[in-house]
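Two complexes, one shared chain (subunit A), two partners (subunit B, subunit C).
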Partner chain A sequence: MMGFEKFLFYVFSVFLIFSAVMVITRKNPVHSALFLVLAFFNSAGLWLLAEAEFLAIALVLVYVGAVMVLFLFVVMMLDINIAELRAGFVRNAPVAIVVAIAMAVELLIVVGPQRFGIDVVAAPEPRPAGYSNTEELGLALFTEHLYAFEIAAVILLVGIVAAIGLTMRKRPETKYQDPSRQVTVKASDRLRVIKMDAEEKAR
Partner chain B sequence: MEYNLTTLQPVLPEIVLLCAACLVLVVDLFLSDRTRLVTYGLSLAALIVTVAATQYAAGPVREVILDGSFVRDPMADVLKTGLLLVSLFAFVYAKDYLRELGAFRGEYYVLGLFAVLGMMIMISANSFLTVYLGLELLALCLYALVAFHRDSKTGAEAAMKYFVLGALASGMLLYGISMVYGATGHLVLPEVAAVIAAGTADQTVLVFGLVFIVIGIAFKFGAVPFHMWVPDVYHGAPTAVTLFLGSAPKIAAFALAIRLLVDGLGGLLAQWQDMLIILAVLSMALGNVIAIAQTNLKRMLAYSTISHVGFIFLGLIAGTDKGFSAAMFYAIVYALTAAGGFGVVTMLSRNGLDAENIDDLKGLNDRSPWLAFMMMLILFSMAGVPPTVGFFAKLFVLDAVVSIDLVWLAVVAVFFSIIGAFYYLRAVKAMYFDKPLVDVPLVSSLDTQVAMSVNGLAMLAFGIFPAALLGACRAAFGG
Partner chain C sequence: MNAVIELWTSLPVVIQIVIKIVAIMLPLMILVAYYTYAERKIIGFMQVRNGPNRVGFFGMRLWGLGQPIADAVKLMFKEIVIPSGANKLLFLIAPMLSIGPALAAWAVFPFDAGIVLADVNAGLLYILAMTSLGVYGVIIAGWASNSKYAFLGSIRSAAQIVSYEIAMGFALVGVLVAAGSLNLGDIVMAQEGSVMHWFWLPLLPLFLVYFISGVAETNRAPFDVAEGESEIVAGFHVEYSGMTFAVFFLAEYANMILISALSALMFLGGWLSPLPHVWVDGVFLLDDGFHWLLLKTFFFMFLFLWFRATFPRYRYDQIMRLGWKVFIPITIVWIVVVAGMRVGEMPWWFN
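For the complex of A and B:
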């Protein structure tokens, strides 16, 4: 890796770890969500360094642009009691820290540099200037991974069916507009002109 | 590859089922509650047409298409046919129950069909990616089905538990898959197997990945110690859903294990054999012992499922073609038996009230002798009493274990299945020797009665003539 790229890698990584820690330690859920956005931006930067432009852009567009905005909406609309959620935090923290450290050590042993280091797994050849990541991805999706692509589409369809099936219900008391009846309504249906004698003036 | 009718023929069953499921989904929109039976009829037709397509595409030669992500071999043909027929029984039994519950909606059948599609994709998966996507398709349908009865609090609770634990299991599986991919550099299962056989992959990373994959499989099977969700989900879900959930997915879980552990990681047999022995012994012990303490029929059957999973693992442990075919025989037979068992529970439920307790079986012989006889055959088959098919299923699996000199394991299995016989026989005793609590006659529609008769008598028929099904299972593993 070139000197400047290495520098960028460390900058993005440090910011990524910093913002990830902030996500889980902030008291205010809005701050957590915003730090998560920062974390996504930094990982998008890392992907750019790995020459995965399309994934980097998709991460920013989809996760930052859509998912996190939705998430912020939910956080702001619901009244979440943070104190209640954090009640067991201090009590469970020692166990959690031990488990986390054990997992980190295990991970380092298994996927650490001696197994997946740069000298074991060779770095891929840099692509020529005109290479389009997006085009390659599109070709792979519609040729090599066509079957998986189709199954993913079915999974999304099931998601829609399940979500509507579980949440939509007809309530008889719900009032709603019926445009076709609104259009065909006549003045006489709404307003009745009644002829009646004028009353005598009270004395 | 070229895409035309000839090259896509192996994947024909999946295409047919997908089109049929979409058709049912759209037709159902135009139906009122009175004409909802059309959805039911179309769903059954969809399954039958898919069985026909499976038979049409079947053949003795192994075919791999779609750039290695899809495989059609004799095992896939047999498993798909079994899966579709078991789902057919489940759909028939569910109808009356759902109508009484006031939940006879098209979504049950649409989600059911998509779940069957997911299972077929798993059965025919030839790459890690396909396995995972098929599994997710199945799981998403099942989560939604468990929460299907919206007014039921236990149903929602069960769905939540199932969703959280299921997502955890998928995460485990995916993590293991990523490890194996990292070590071998391949997603297509035979290529993974080739790299492992060549011995160039890092053994530590492979075994680390294998552990997570086995955990994922054990979760999906519901093997001890990853069984926590089974009783709660079986109990909380509407019985019509439990019926589907407890039967057909066992066949798919078997396929999942074969594809991942044998087709992909067959080179690590010695490692996963030990892991499965632990899972099998714990499952048979805990499942059978705790089932005795249950008074709820659905929970009892849930623990019984756990013990049967232990038996299916026994066949896999053998690691020989004989063992695999015995496990396959066991999985198909168990799925059929479980469909019948839960089918009887749905038939006992009336007016939207679940007949859930073993007491509800009391005096079934006085109320409906035929149904009691069918239930007796099913319970005997689960217990492994000859001449029902359950006996032969257990026999073949034990034979496979003994032939690799794990006699102690076979002894343990027999010991726990004798313990297990107690609670099956207790249910039989309740049906034949106890006075009924209610004397309301049982009414059920003709299609349910026919299906139940076929299902119950199949226990006897396959028990007396096991050769046909066993031959198909043997042929699937090149014997």
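For the complex of A and C:
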């Protein structure tokens, strides 16, 4: 069975790298976003192989099910001019290359071969079949890491409030509806029946 | 009997799983087909019409029971028109993305005590993830069609599904707090007792929010603005014909059945009998069993049709208001209440 798991690992990895490359090379931003979805799926598959089923499903649920939907939503609505985006490419390329190389070096320093690998970090013990990854994660989050967890939650909440505060503008042309007033409206508020004598026919 | 068991265990695991999948999918597809028939008959009855009553078998009409088969054959042989300017690959992938998650969600669904294809710990989470994927079929269909109506429909649907998913997720959080497990089988067993022990009573607001969100999530009336005929013809699937349309149709009905079955499982005790266990232990048909789950699921499936025949379509801003300003606050408050009941070991349900 080990062989099959290895095979799955390589399938997911190859697809992950392929779709990640496609994300940055596609001309059409919608295609890029869809490849990003595929990339998320494959990383979820890799996490499942690593017996982290909670994280894998949460990745699909949060990133694929919600974040990317909103992403696609925005990308589809925007009329992105590709020629305009391309114009700055040559001018910005040197800066981008420097940043990319710096990031690659940093990554190598942090997760390079001298820090990772079976000979540096021992392989974790395989868990028994009934082991609940979700339960362990919940216990760790709400006991050991409670403060970090709560602080992260508050920061997220502040982010939400700030985002709404920044984008909500009262513009004079925007019309707001008050449903409680709408449902209490009566016919007499809107319509006035006037009694009057019939007018003479115009000649 | 022993020979059958021996034959079964001698099969490779992969073949066993495939047979189990077929055993779930085949009845489900037949149920979807006859759900469309039931829909037309029931709404016909509510509107004092006959509904389909012509197509039968072997020259007999049989109340039109052959109608779904005739519809399926018709759709299979119709031409698939791909609009000019459409993105062909995405246009054809979209229906598959729609039906894939709708069927995949059944993998963790328990039909009776211990009868489940994949008895995973995080079953509830898996179902939530799968149902949240269905929206891709709709979005991609609308975009790939290169049609304004289809695009408007898909944008409406995306906004609506993402909004109601939050309320739905919170309702499920209440269920898992009450049951203390993400495993669907354990959630049912936590409701053991009688009809008064099921979660519909302590979780009543969440139950209502869950089912209404489910109706919105499947784009059914009165939340069917994604295909509002009077404004945008047929919404996201306006350019689809033949089998590609049929797959969207199958996905929608499969999703409705899934939401009904999940409501039955999480709030109405799944396969548990409504009578106290000591009364019905071993009594034929009154004891716990799959038929109770089926009965409860049919009840919710009927509600879907009843809603469609009864309610006028929601206005779009009211849909958004209901989702964000009514349902989400209700669920958040009730999660706190449920947690309190659980910590305080409220008698009857949580002791």
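In this text, the second predicted complex is superposed on the first by the 142 of 203 C-alpha atoms of A that agree within 3 Å, B and C clash if a C-alpha of one lies under 4 Å from a C-alpha of the other, contacts with A are read in each partner's own complex, and residues count from 1 in each chain.
Criterion: a contact is a pair of C-beta atoms (placed from the backbone, for glycine too) under 8 Å apart; a residue touches a chain by one contact, two chains touch by 3 or more.
No experiment lies behind these values; they were computed from the predicted model shown.
J.: Should the pairing of subunit B and subunit C on subunit A count as a clash or a fit in the superposition?
T.: Subunit B/subunit C on subunit A - fit side by side.
J.: In the combined three-chain superposition, what is the angle centred on subunit A between subunit B and subunit C, taking C-alpha centres, to the nearest 10 degrees?
T.: 140
J.: Counting only touches as set out at the top, which of subunit B and subunit C does A:T134 meet: first, second, both, neither?
T.: Touch partner of A:T134: subunit C, not subunit B.
J.: Determine, under the contact definition given at the top, whether A:V64 touches first (subunit B), second (subunit C), both, or neither.
T.: Once the two structures are laid over each other on A, A:V64 reaches subunit C alone.
J.: Rounded to the nearest Å, state the minimum C-alpha distance from subunit B to subunit C in the superposed three-chain model.
T.: 16
J.: Based on the A-chain superposition described above, do subunit B and subunit C contact any of the same residues on subunit A, and if so which?
T.: none
J.: List the residues on subunit A that touch subunit C in their complex, please.
T.: By the definition above, subunit A touches subunit C via 30, 34, 37, 53-54, 57-58, 60-61, 64-66, 69-70, 72-73, 76-77, 132-135, 177, 179.
J.: Report the residues of subunit A in contact with subunit B in the complex, numbered from low to high.
T.: Residues 109-111, 115-116, 143-148, 151-152, 154-155, 157-159, 161-162, 165-166, 169 of subunit A touch subunit B in their complex.
J.: Can you check the complex and tell me which residues of subunit C touch subunit A?
T.: 90, 120-122, 125-126, 128-129, 132-133, 135-136, 139-140, 143, 151, 155, 158-159, 161-162, 165, 182, 317-318, 321
J.: Residue numbers of subunit B touching subunit A in their complex, please.
T.: Touching subunit A from subunit B are residues 11, 18, 22, 25, 66-67, 69-70, 105, 107, 110-111, 114, 117, 121, 129-130, 133-134, 136-137, 140-141, 143-144, 147-148, 150, 179, 182, 202, 204-205, 208.
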